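Which chain is which? They are A, B, C and D, in the order written, and residues in each are numbered from 1.
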Amino acid sequence: MDKRISSAAEAVAEIPDGATVMIGGFGGSGAPIELIHALIDQGAKHLTVVNNNAGNGHVGLAALIEQGRVDKLICSFPRSADPSVFVETYKAGKIELEIVPQGTLAERIRAGGAGIPAFYTPTAFGTEVAEGKHIEVFDGRSYVRERWLKADFALIKGELGDPHGNLTYRMAARNFNPVMATAATTTIAQVSSFVPLGGIDPEHVVTPGIFVQRLVEVPTPAQEEELNRAEAVYP
Amino acid sequence: MDKRISSAAEAVAEIPDGATVMIGGFGGSGAPIELIHALIDQGAKHLTVVNNNAGNGHVGLAALIEQGRVDKLICSFPRSADPSVFVETYKAGKIELEIVPQGTLAERIRAGGAGIPAFYTPTAFGTEVAEGKHIEVFDGRSYVRERWLKADFALIKGELGDPHGNLTYRMAARNFNPVMATAATTTIAQVSSFVPLGGIDPEHVVTPGIFVQRLVEVPTPAQEEELNRAEAVYP
Amino acid sequence: MTDIKLSNAQIAWRAAQDIEDGAYVNLGIGFPEMVARFQPEGKQAIFHTENGVLDFGKAPEPGDEDWDLINAGKKAITLKPGTAFFDHADSFAMVRGGHLDVAILGAYQVAQNGDLANWSTGKGGIPAVGGAMDLVQSARRVAVLTDHVTKTGAPKLVSHCTLPLTGVGCVTRIYSSLAVIDVCDGHFVLREKLPSCSMEELQALTGAPLHTDGPVADLICPEELA
Amino acid sequence: MTDIKLSNAQIAWRAAQDIEDGAYVNLGIGFPEMVARFQPEGKQAIFHTENGVLDFGKAPEPGDEDWDLINAGKKAITLKPGTAFFDHADSFAMVRGGHLDVAILGAYQVAQNGDLANWSTGKGGIPAVGGAMDLVQSARRVAVLTDHVTKTGAPKLVSHCTLPLTGVGCVTRIYSSLAVIDVCDGHFVLREKLPSCSMEELQALTGAPLHTDGPVADLICPEELA
């Protein structure tokens, strides 16, 4: 068994129109830029994307949105240093937005990966974000019921990856990546380095390979923040 | 801030009669034997204990039960190579038993630590374990609603610990320890070695210090399996 | 009535032949653990154990045990390249989240609708469920290894379970000491049987109708495992 | 009406004085981040950021940024001995599970019952909640840093919020540009005020009654932060 794929293009080739795609990262930290750009090249349309944000500048998720490929975005915070792509697309009525509090977003994804169809959270009780949702009182406190969130594909960014898909991450680039890896039917990871089996200490594995279906090596991954400082535009 | 304590006795000194105590470990692997023995010495009674098992032989949890200190046990599998202490106590009607499927036990504890008062699981639907529990259908499948599980104290076993309570574990001795650390008001960890701040790579921290209130160094911790092979009895 | 039946090792061998290359597999405590010995050449299964280890190695030599490195049956295991450790919540997130391809367990009874009873003989005693209830409801395939009948000769494959259930409608395939039987739409469907056991004999030892939807193959296992 | 008010740095300084030694603290994006600069001698706070870092260091020198090492405001931070990384689910398990001692945020409005509005001006535009709704419902103490009034002079401390809520009954203390005010049982309770601001002036700038339950101290902050 070897889950390694030779190119980002091949890794994302089968993502169909209409797919739900989770994309890791928090802002640019941990964003799998090369996988997103491969998805732009690949052409899939009418995507539902799950990400914490809504892209920045004209690369990565912002570029995917700019190309008109995202019908719906599920996120907590659609703001950034340069959110113009999302803002214009949203104001033109060309993208649907579902706002989810950040912890609820993370937990809904975790629930999707962990086989928990619904859970209760105190977050957002009494706010308009909870409108229409089931409310229940436990031990005298009110909670909002939230549903799991799953995806057809997850595009994530790791640091080291072995042939079975065991992964590590780099510093705060971990963020949503491990939890999204658990919640997709097919999880595609880009990693900075392939290592052989045994190349990751069993104690240091963050994402066990069971959650990863394919991985591709991108030795010097682009960093969204640096691309934006250089005013890069993709494609 | 330094959470290190000089002895196991001091670490468990304030556990009162009637406390709910989570005890880490799966069988003997990861069982904090020295903390349990310190609790035996300390004398607290009428405890509710949460553990995957019910002790083995006459040391650790079995010894705590043998001393008549546990009123109720919440566990998934009260069997072991030598379960005689639990079996006799149970048959004498001296201990209450709540059986929870192992994954539901882990998830109830995780929910306790993560502020999720209730969640739905497919586990145990249609079985007597789910009798009397709220059932709900999501997407055509039936699920059982389960409540969080919290404790006053957690006694856990780690490998390395720094002054802020950042912890690592040793191999499969990890098991319930990290998740129990999150679900107790006061988590007390025994570790094989104290290390200075920075002595654990930030990428390798398994339990961040926020979940640990006290830690004590036990350089060569007893292994329950080996104690039992030597037919040890505590006290 | 035939006296010939498969040994536990032969049943485990047969179950091992169906495990796909790259499958993630959980083996129940005891008899099912034997499946790991019989992985076919060229197919690699990755074993999961509830207590937080994925892709572990064989049992160590006696005397080499490290009791911090055990499986769900509390038996010592070993590391291999690719092993990963994780905590119990993550371990059952894998289980409950449907990430395991196969769970293989023992049984007291299996009903034709796939209901499984394998945790309590219903005679009182001390209840103990472990991780079985989680595994059977969430693994993609749930396979049972079992003698075809009880020690007293009563059917273990039944029209409906009379013992306390472990899970409802969960079993997908049964590897018994006499046959390989699938559970399809509320029926037992016979796939393979020992050549020495006639259809009539097999039906007489089975507590619910055996259906067929095609040819029934001969169930042939290595003699040396008998 | 007084023209003297605290600077943001002075408000942040005042809030920092109340953070207990060893407290786990989350600072909201922007102005609240300034609190980290003013930790009192001998008291060590441990800062949490939503994107999975506990106990991080100060901002790096310009040019030394590593953009994989940022805080929730997407600003570069640094490692220090004791830093721990974890994923987003674990990060919000810390938040929602009540493990943070203090969350410090900005506000558009705070009501006398502790309701907080800080995410939407209600004027349309693009909604964005981030992690604030999680933080305010679950941190042990929820402190707000704010100008006492809006730019047009309207009260930000109100009888009830008119803007969309971030959380209900969650705020425990307000550090404003004029006063320190607790929320107790549905009332604003004044603890400290600028000596230059009379009770009458302060009440006139506040949209709900200010109560006292003891002496009101002078709110004195370092001049050099003005």
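Here is the rule we go by: a contact is a pair of C-beta atoms (placed from the backbone, for glycine too) under 8 Å apart; a residue touches a chain by one contact, two chains touch by 3 or more.
Listed by chain with UniProt protein names: A, B = 3-oxoadipate CoA-transferase subunit A; C, D = 3-oxoadipate CoA-transferase subunit B.
Because the structure is predicted, anything quoted here is derived from the model rather than measured.
In this structure, the chain pairs B-C and B-D differ in their number of contacting C-beta pairs, and the larger number is found at B-C.
Chain C and chain D have centres, each the mean of its CA atoms, that are 56 Å apart. Distance between chain A and chain D, defined via averaged C-alpha coordinates, is recorded as 30 Å.
Chain B and chain D have CA centres that are 36 Å apart. Contacts with at least two other chains are made by residues 107, 110, 114-116, 121-122, 169-171, 202-203 of chain B. Listed for chain D are residues 79, 85-86, 92, 95-96, 138, each touching two or more other chains. With chains as nodes and touching pairs as edges, the resulting graph is of another kind, matching none of line, ring, star or complete. Under the touch rule stated earlier, the contacting chain pairs are A-B, A-C, A-D, B-C, B-D. Per the touch definition, chain A reaches chain C in the complex via residues 1, 110, 112-116, 162-164, 166, 182-183, 196-198, 200, 202-203, 205, 208-211. Residues of chain A that touch chain B in their complex: 107, 111, 114-122, 136, 138-139, 141, 143, 147, 168-171, 202-204. By the touch criterion stated above, chain A contacts chain D in their complex at residues 26-30, 52, 76-81, 83, 86-87, 90, 97, 99-104, 106-107, 109-110, 121-129, 169-179, 206, 223-226. Touching chain A in their complex are the following residues of chain C: 21-22, 24, 44, 46, 48, 54-55, 79-86, 90, 92-100, 138.
Chain contact summary for the complex, chain D toward chain A: residues 49-53, 66-70, 72, 74, 79, 85-89, 91-92, 95-96, 115, 126-134, 137-138, 164-168.
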